[in-house]
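First chain written, first letter: the chains are A, B, C and D, and each begins at residue 1.
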Amino acid sequence: MTGERTFQKFKRLIPKKAFLLWLDSLRKDYKLIGPVKTGNHAVFKEVDSSEELFMEYGTTMLSPGKLFLYKPNEELFRFAMSGKITIDEIAPIAEKQIIIGVHPCDVNAILYLDRTFLGTFRDPHYEARRKNTLIISLNCTRVSENCFCSSVGAGPFLHAASGYDMLLTDFESEYLVEIKSRKAEELFGLEGRSAGRDEMRLKAEKEKSMKSKFKKAINVSGLDNIFAENMDHPIWQQTAEDKCLSCANCVMVCPTCFCYDLRDEMSMDLKTVTRYRCFDACQDIMFAEVHGGNFRQRRAARLRQFVTHKLDQTNQYGVFGTVGCGRCITWCPTGIDLTEITREIQKFKS
Amino acid sequence: MKIDINYIARVEGESSVKLEIEGGKLKELKLNIWEPPRFFEGFLVGRKFDEVPDIVARICGICPVSHMTTAIRAIENAFGLTPSPEVKRIRKILSLSQILSSHLAHLYVLALPDYFRLNSIVEMLPHFEKEIKRFLRLKEAANSITALFGGRALHPVSMVVGGFTKVPSKTDIEKAVKELESLHGDALETLKMVSELKYPALENHAEFVALKGEGEYAINEGAVSSTKGLNIKEHEYAFYFIEDEVPYSNAKRTIIKDRGSLMAGALSRINLGFDNLLPDAKKASEDIGFKGGSNPFLNNLAQAVEIVHALQECAILLRGLSLKDYFADFKVREGAGSALTEAPRGMLYHHYEMDRRGIITKANIVTPTAHNFLNLEESLKKLVTENIDKPEDELILTCEMLVRAYDPCFSCSVH
Amino acid sequence: MKNPLKPIKAIIKGIRPEAEGVKTYTLSTEFPFVAEPGQFNMIGYPGVGEAPISLSAIMQVGDSTLRDGSFKHTIKSVGRVTDFLKDFKKGDELFFRGPYGRGWPVKKAEKKDVLIVAGGVGLAPLRPVIQIVLNQRESFGDVSLIYGARNEKNMLFMNEFKIWEKDISLYITVDEVSDVSKSPHPPFTKGGQGGITKEWSGGINVGLVTDLLDRVKIQPERTIAFVCGPEIMMRFVCRGLIMHGMLQSSLYVSLERRMKCGIAQCGHCQHSGLFVCKDGPVFSYKEVRGLPDGAL
Amino acid sequence: MNKLRLGFFKYSCCMGCSYFFAYVHKHVPEVLASFDFVFIKLLSSKGTPEGPFDIALVEGAITEAWQVDELKMIREQSKKLFAIGSCAVIGGIPAIKATTPELDVEKRVYKNLSSIHSIKPHAVDAYVKVDGYIRGCPPAERDLYEALTSVLTGRKPDFPQYSICIECKLKGNICVLIADNMPCMGPVTNAGCGALCPSMNRACYSCFGPMKQANSPALAKKFKAMGISRDDIIRKFTEFGADTIEFRKAVEMVYED
């Protein structure tokens, strides 16, 4: 992220056991966060030992980036209101943490969040946590029902050059460990076997076989201006009225949705006000309301905002807003599927 | 002379007392419970069994747990489902925590101001800071026990037919136990405070009725027993108790067949179950020379003793939890079921009939205040007769104090 | 590292009732505040929140309309924050952060004719432009202001029209004629166009802003237009100007969207991938014409 | 600072809101320092309902004609009037009565109806203008404080108007609707409780009532697709929302279906 001297991007094969032991050895300096099985699902949370990790997970409901880097709820300022008002700026708390097992889509989503929070205006809380977080990505071994990352280039294997620290690929009893940052290079002491051309070929084969397993896809090359040209396509209105609940689950589970609200809360004695930030969603009817009007009064307009922000509107950051994790499809109560909406519109065009 | 006490404050719900004195004698006295009816028993018909606990919780904002527990037990009786001992334990914890909250609120906020000739706890604040802080401590602890299991202190959400949807973690329970144990002294102080109040004298010849358990202070189940020898099972209730409409009141009133009025509540429970109190509560009670009695004003004292008991029993039950088997599956079937529990204000009865899909076809709910209605009216008559020479203000206050001593819940009584 | 969301304290130096429900607040803070015309601040108060408000007078780099570094906001009370402000008094504290956004491209307008079209409170963000024009009159060609409001009770800066008209042509219109005697700006005398005349010479017309476009002599190739008002009004103005032969790229509009942060993070102001707070609020008409969820 | 005059009025309900208010939990001293309890029957004898009030809180549904008259009088006497609790905000549980012929319902309870004077149950805003809604059953603590502090500081109160789902996700609960196939009302229910039911492993039953412009027919369709019976779906939308336009839409759709 910041100007780093060049480091050695080495690749090694490490027995899984040894790797996890190494992880545990870091726990004295780092909080360890990773996928943990709860019931039929996996969630990212802090663990006391690598034994709790469930590295074979499919996908989680909430992404690690929007739990441990960009926080759902964050206190920013405290105002003391008696007499002359004073502002207390809450200092960023940035414990050192390792997030292990981050799938490629979620790493890409973090890189997307970087564009919002480390742009012209940098958010000190996000930045501090980002600096203190070691991201160990894990290439996928399973394609979940709604994944379409391969269509948008965000998975199933990670190809981003930087912005994370290590990349693991499951090699049965071993991990292929690729070092991607100086921090990781310094921390990683295991020798293992050095990975050569054969291993990289094997990795490429694995990726290929993974790619063949996708059930969901989207044809991005055919997107062009298609959304802008079909603003009033009946699919929007129809899907919105028939199915969309404006519940905002799609936005809440989306790993790239960055919108937030700033809220003030006053203590009952009126002496302190806390200003905090928390996730907001464009599906909320108040989201775009101003005096005299609401730019997205219609449910269809709100639904369209979500879908087009993910698949169109690339003028914003120069990349797609979606990483193809499929979460918004999985967790939408009525199963609204942005890939289907897109297909419907593409059908219309051709 | 006609006296209309229209504004009975510091009780739950709406009521008034009208009385007429002629020639130094009480001519007529009516307790009018004009709380607007909401027709729960009417609109429950057609609803499904699984909604019933959530709906009946809204009969009362103070004792939702009692309504939920009673309804759930009635429905389980209809389904032939016997809950696990763990479920029973958790239900009792919730009931006890609610009894604690309710009694604390009644004693400190509703009843206490009268004894100092003040209008409200707000007016007490400057003079009774220590007491009010104690009250808030106890109340907070009681609420947090209900919330720990129920999700929130009012209208808890985890209580369902079959048991509970979720239980708290061991660590949270551990913390709660410690908190409760640290408040034992506060409970004893409360009892001491309440025992020092000056209660008006009044004899009451009512039949005291309460559930009675085997070796435990009965709350959620037991035999219906009375100081006049009643001893029946809960499903026999309808044969012995009769509910009737009163032309001047929206609440119905209940009597024991062929015998007349009854009194339910903390005093009844103490009168019938004194021996089942935990040793500490029993001893504390004996130390102040209280083992029950017939003066309805002593209900205050009985509540204070129950506070000592409930706080301790909650902690004991919490320690004994396994946090397993907190839900049992069941089969919906056609049938009828009824249940009785001890709500903070006394015996509460729910009865449901259901079709094979579990749709309610008939509902009947008899609340503690309906049980006490006639007795309260009779006691008021007696009180007025015995205090007929008192100045009007004083007489009105004494009447109000008696009404409050019953800790009536008029919202419940009408429902 | 300072949090860009951290508000800065300002003191209210003066308050002027401007029109019905609208007041102008002169603010000053510890440092001389510098901004560009068309930029805005997030104005707020703890416990109430923040709202984006344009600067209606500023000290600009190189030039100073307000030499002491104070700045002004002209605010109409319509909601949580703006209603709260209406009871503030001189000397009260209030908070702001900014300036934010891309303002009017005034440099581009130098040596050209300038057409300023405003509706309602939309004149506030354009006032700094007028100030520059007045200060450096020789740098611009013909300058005209077309300004419309619902009625004259809703009209901003009327007390300044007399000064403005010395250097720029004013075309003022109201949608409806209201009771003159209740106007905050007496004296009015009856007569003249639309039934009303006033201190300045041009008169008040009755009708829509768009009706006045025909009255201004527009030389399309050497004119640049700055438009601010309700979005639907801007739509008709821009279309009208295009009919007059103007290029989409020489029309500029200022958009209003809900904003929480002002710094391109909170997402509320997104307009088809544009952040109105950062990429705007001033856009060339070409950039925002026909975008979904907008009226242009 | 002068204390503000507060009135708390109860109509047809469980009085849980008064009870809840009486212990504004950790804030008793602060509330007492800022407000004069001019009228609150649960707490104080000798109050006067005559006003004037700086803030009036009204709990309970309106089910009898005298309540309407009194309510209108209170409105006139009060600078700000808030509906508190689901009964007052949306008609709540008492409004279930109106889902079937009301006389039948009344007859099931009383043999002699001559002294019963009930009218169709409605929320408070059916009769008077309301300045804000403190939703929930029991009401959301945060919203209650927001109402009180807003009046104290003279700002418009800010109440959440989005779905329970948002709160549920902020909490990180695994969605019970999707993961466990429970008929959760969260997607159409107004936030405020912190997604309590899903956090306790059960489906939301909408005790906070519908959120603004809730698309309840779409959720009803989803329930149907889950195999839930028509009657059960109707019951879902009439437990707390019987008197609301938003939920009536779902009921009508199911009937027409």
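In the analysis below, contacts are C-beta pairs under 8 Å (C-beta built on N, C-alpha and C of every residue); 3 or more make two chains touch, one makes a residue touch a chain.
Just so it is clear, the structure is predicted and the values come from calculations on it, not from any experiment.
Placing every chain at the mean of its C-alpha atoms, the farthest one from subunit D is found to be C. In terms of Cα centroid distance from the overall Cα mean, chain D ranks first. If you average the Cα atoms of subunit A and of subunit D, the two centres end up 37 Å apart. Annotation: 40 Å between the Cα-based centres of subunit A and subunit C. Between the CA-based centres of subunit C and subunit D the separation comes to 43 Å, rounded to the whole angstrom. Computed from the mean C-alpha positions, the centre of subunit B lies at a distance of 25 Å from the centre of subunit D.
In subunit A, the residues that touch at least two other chains are 263-266. The set of subunit C residues touching two or more other chains comprises 47-49, 79.
Remark: the chains found to touch one another pair up as A-C, A-D, B-D, C-D. Note for the complex: subunit A touches subunit C at residues 76-77, 79, 81, 84-85, 87, 89, 92, 116-117, 119-125, 127-128, 228, 231, 257-266, 273, 275, 277, 280, 282, 287-293, 295-296, 301, 304-305, 308-309, 312-316. Listing the residues of subunit D that touch subunit B in their complex gives 10-20, 22-23, 25-26, 28, 32, 37, 41-47, 61, 63-64, 67, 92-94, 96-97, 99-100, 104-112, 115-116, 118, 121, 137-138, 193, 196-197, 199-202, 205, 207, 231-232, 235, 239.
Remark: subunit A residues 38-41, 43, 61-62, 67, 72-73, 241-249, 252-253, 263-270, 278-279, 281, 284-286, 299, 330-331, 333-334 touch subunit D in the complex. Interface residues of subunit D facing subunit C in the complex, by the touch rule stated above, are 149, 153-156, 158. The touching residues of subunit D, counted against subunit A in their complex, run 24, 27, 30-31, 33-34, 142, 145-146, 148-149, 152-153, 158, 161-163, 165-166, 169-170, 172, 174-175, 177-179, 184, 186-188, 211-215, 218-219, 221-222.
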